[in-house]
Amino acid sequence: MWRWLHPYAKPEATYRLNKKLLPWFAIPGVVILTIGMIWGLAFAPPDYQQGESYRIIFVHVPSAFWAMGFYMGMAIAALSAVVWQIRTAEWAILAIAPVGAVLTLISLFTGAVWGKPMWGTWWEWDARLTAQLILFFLYLGVMALYAAFEDERTGAKAAGILALIGVINIPIIHYSVYWWNTLHQQSTITQAITRFEKPSMAPEMLWPLLVSILGFLLVSSALVILRLNNEILKREVRRPWAQTLLLKENR
Amino acid sequence: MYFDSFSAFIHMGGYGVYVWSSMFVTFFGLGALALEASWARRKITQEARAQQARAERIQRAKSASTQQQSGQPS
Amino acid sequence: MASELSVGSQVRALMRREFRVAMRQRSDLMNPILFLLVVVTLFPLGVGPEPATLARIAPGVIWVSALLSALLGLERLFRDDFSDGALEQMLLMPMAVEWAVLAKIIMHWLLTAVPLLILAPLLALLLNLPKEAWGTLWLSLLLGTPVLSSVGAIGVALTVSLNKGGALLSLLLLPLLIPLLIFATAAVETAATGLSPAGPLALMAAITVLALVLSPYAVHAALRVSVN
Amino acid sequence: MTSLLEAKGIRSIRGERTLFNQLDLCVKTGELWQVQGPNGAGKSSFLRIVAGLLPAQAGEVRFRGELIQTIRSQYHSNLLFIGHKAAVKPELTAIENLEYYAAIQGQPLTAAPYELLERVGLVGLEDIPAQRLSAGQQRRIALARLWLSSANLWILDEPFTSLDVSGIAMLHERFSWQLARGGSVLLTSHQPLDNIPVQVNMLNLEYQH
């Protein structure tokens, strides 16, 4: 498998591959996400307890899910960068981190907004939201560490190591935060969501949710690909292939 | 369609503000990422142009200095 | 004979350069703010998330964290200028050095306090500060941060030639900033109980004016010692 | 020729050691002075005292017959001091650095900055952050201020450090320009100024134990 992947470790080949892949993520992504949103917002039935407010789930759960998922993706990229010294993987760390951070931010905001009608306050130190907030800090740490280095390659390696440490830490953080939370109170939003996550969730709600999750994955991946290509061009701007490619673009 | 009317859809049973602000922030966030990417791309193109301009300036300076030397022999 | 240069144009040139340099090191500006956010998050995790407890400690937590995070970013006021020689050049500008110092303090305030003021409502939200106190918290930060920048500038000017700023700087500055902390938290707490915070806020305003007027002279004197 | 800068009876003590005592110097218009001496003799300290950055333990410095402390603003607008730290902001490009110095020297960068930078040998490096340039190139950015300056007095601490042969020749040429228009130059240098087309006056500092 690695032998097959190897040519794509060459920046130019990766760039061209990405360029070919981009529409396959972006177009279906936007279509599926739109379908998911319309389905969830307009056609799914309301929840018998929370009424219409539960519809936030169609953006909250996908963003929260992929915030974590992209962190895992970033950690895999980091592992390839640190162990196999694949340069494209180094750049992938930097491409994924901001997308993941924005997804985390979206999930934090929507979680808080969902909590407002339930608790009457905008922010509650709920286990799920707190863990998500810490995940946000982990993302920020990776980005800040990279930005702190003058040399981009060293910065990417350091950020990769930090991402790996973070991924080991995430289960511990989760466990400790949930434990901390049960010490103090019951977490309502966690209950609210776990109620939906049970297999008993009505299929009319489950299906649009799954579609939204897929839409989020495709759109976010398209964004990662866009950023990855930017990272490649940024490093290769002195190379002839990138020069000719960039100079051809109109102003 | 679950809702009876468009206004009911906007109203969301009293939760309109929450649902729609969530939607707005979500798509604002994703849109901002896309915009940032295209903005970064433009910056890279500018950098490539600046690079080309630098090369041209060096070339011009070089040819100017060789002309000067050939113009004033000895 | 060099043409006469107005103070205004020199100040403008200096602030323009400060801003440009800061924009090239944006992470230096962001990190203290993110540090503040993380520190504020630690308190609910440490003392528990009960809203009443959090509301009780919120003014103190926010202000102490703001002080600590401000200390982190202070050094950039003069540290780089000292090591690359720009500080000497600043002392050789035709205008009074106090104007240059004031320009640097104002620029530092704009670059550090404005993000803090934007973040402040979020911090108040996280710590469940009563709604009545939000405006006062914001006002106290608006009045207090110029003091952080100007008194901080004195501390940085004194320690800039030593290669061990950090802890020493905090040791020098934190005692000087205690009055600020007392009045600021008092203002926010009185506002939270529904009373008028005008008293402590007026005292803070007085401190701010005093600090802004006097610190350029102190900084100038300290810089003269440091460039020796 | 009138005296532009006059230092009388300057004494400097650093730590326990007296660097120099009773030092006199009189720079007239159109003169170039080189302060020479071994490491630690106090060349830089002397220049900094003369520039008004450092107080002297004794003695006085006069600019056009007036104490520099009393006419500080006027003195500093007629002085260009470049220390051994180049005062080039590493985050900014050569052009941005020059823009700043042009503005505070009262000479907005009207003359094409690219031409100026070409003259100091920085062609093709104008819009790159200075931190990516070599020490000699950063030095050249700082020295480009000599082309922006209308100051009568230039005080330069080791201007030739990390410059190559062409850079040194370029500086020599600029010094003759400054002297020819009635300005003065005071500088320190380890090496003797060979091949300089103007007369060099020497001030020798001894190492005092």
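Each chain carries a letter (A, B, C and D) given by its place in the written order, and its residues are counted from 1.
Everything that follows uses one rule, which is that a residue touches a chain if its C-beta (ideal position, glycine included) is under 8 Å from a C-beta of that chain, and two chains touch if they have at least 3 such contacts.
This one's a predicted model, so the numbers in the text were calculated from it and none came from an experiment.
Touch-path distance (fewest steps) from chain A to chain D is 2.
Ranked by distance of CA centroids from chain B, the top chain is D. No other two chains have as many C-beta pairs in contact as A-B.
Nearest to the global CA centroid, when each chain is reduced to the mean of its CA atoms, is chain C.
The centroid of the Cα atoms in chain C and the matching centroid in chain D are 36 Å apart. For the pair chain B and chain D, the distance between C-alpha centroids works out to 43 Å.
Our note on geometry: chain B versus chain C, Cα centroid distance of 33 Å, whole angstroms. Counting partners per residue, chain B has no residue that reaches two or more other chains. Contacts between chains close into a ring here, every chain touching precisely two others.
Inter-chain contacts, as defined above, occur between A-B, A-C, B-D, C-D. Residues of chain A touching chain C in their complex: 121-125, 130, 133-134, 137, 140, 144, 147-148, 177, 180-181, 183-185.
Listing the residues of chain C that touch chain D in their complex gives 1-5, 9-10, 12-14, 16-17, 20-21, 24-25, 80, 83-86, 88-89, 91-96, 227-228. Considering their complex, residues 114, 118, 123-127 of chain D touch chain B. Residue ranges on chain C touching chain A, taken from their complex, read 26-27, 30-31, 34, 37-38, 41, 44-45, 48-51, 54, 125-126, 128. Every residue of chain B that touches chain D in the complex is listed here, in rising order: 50, 54-55, 57-58, 61.
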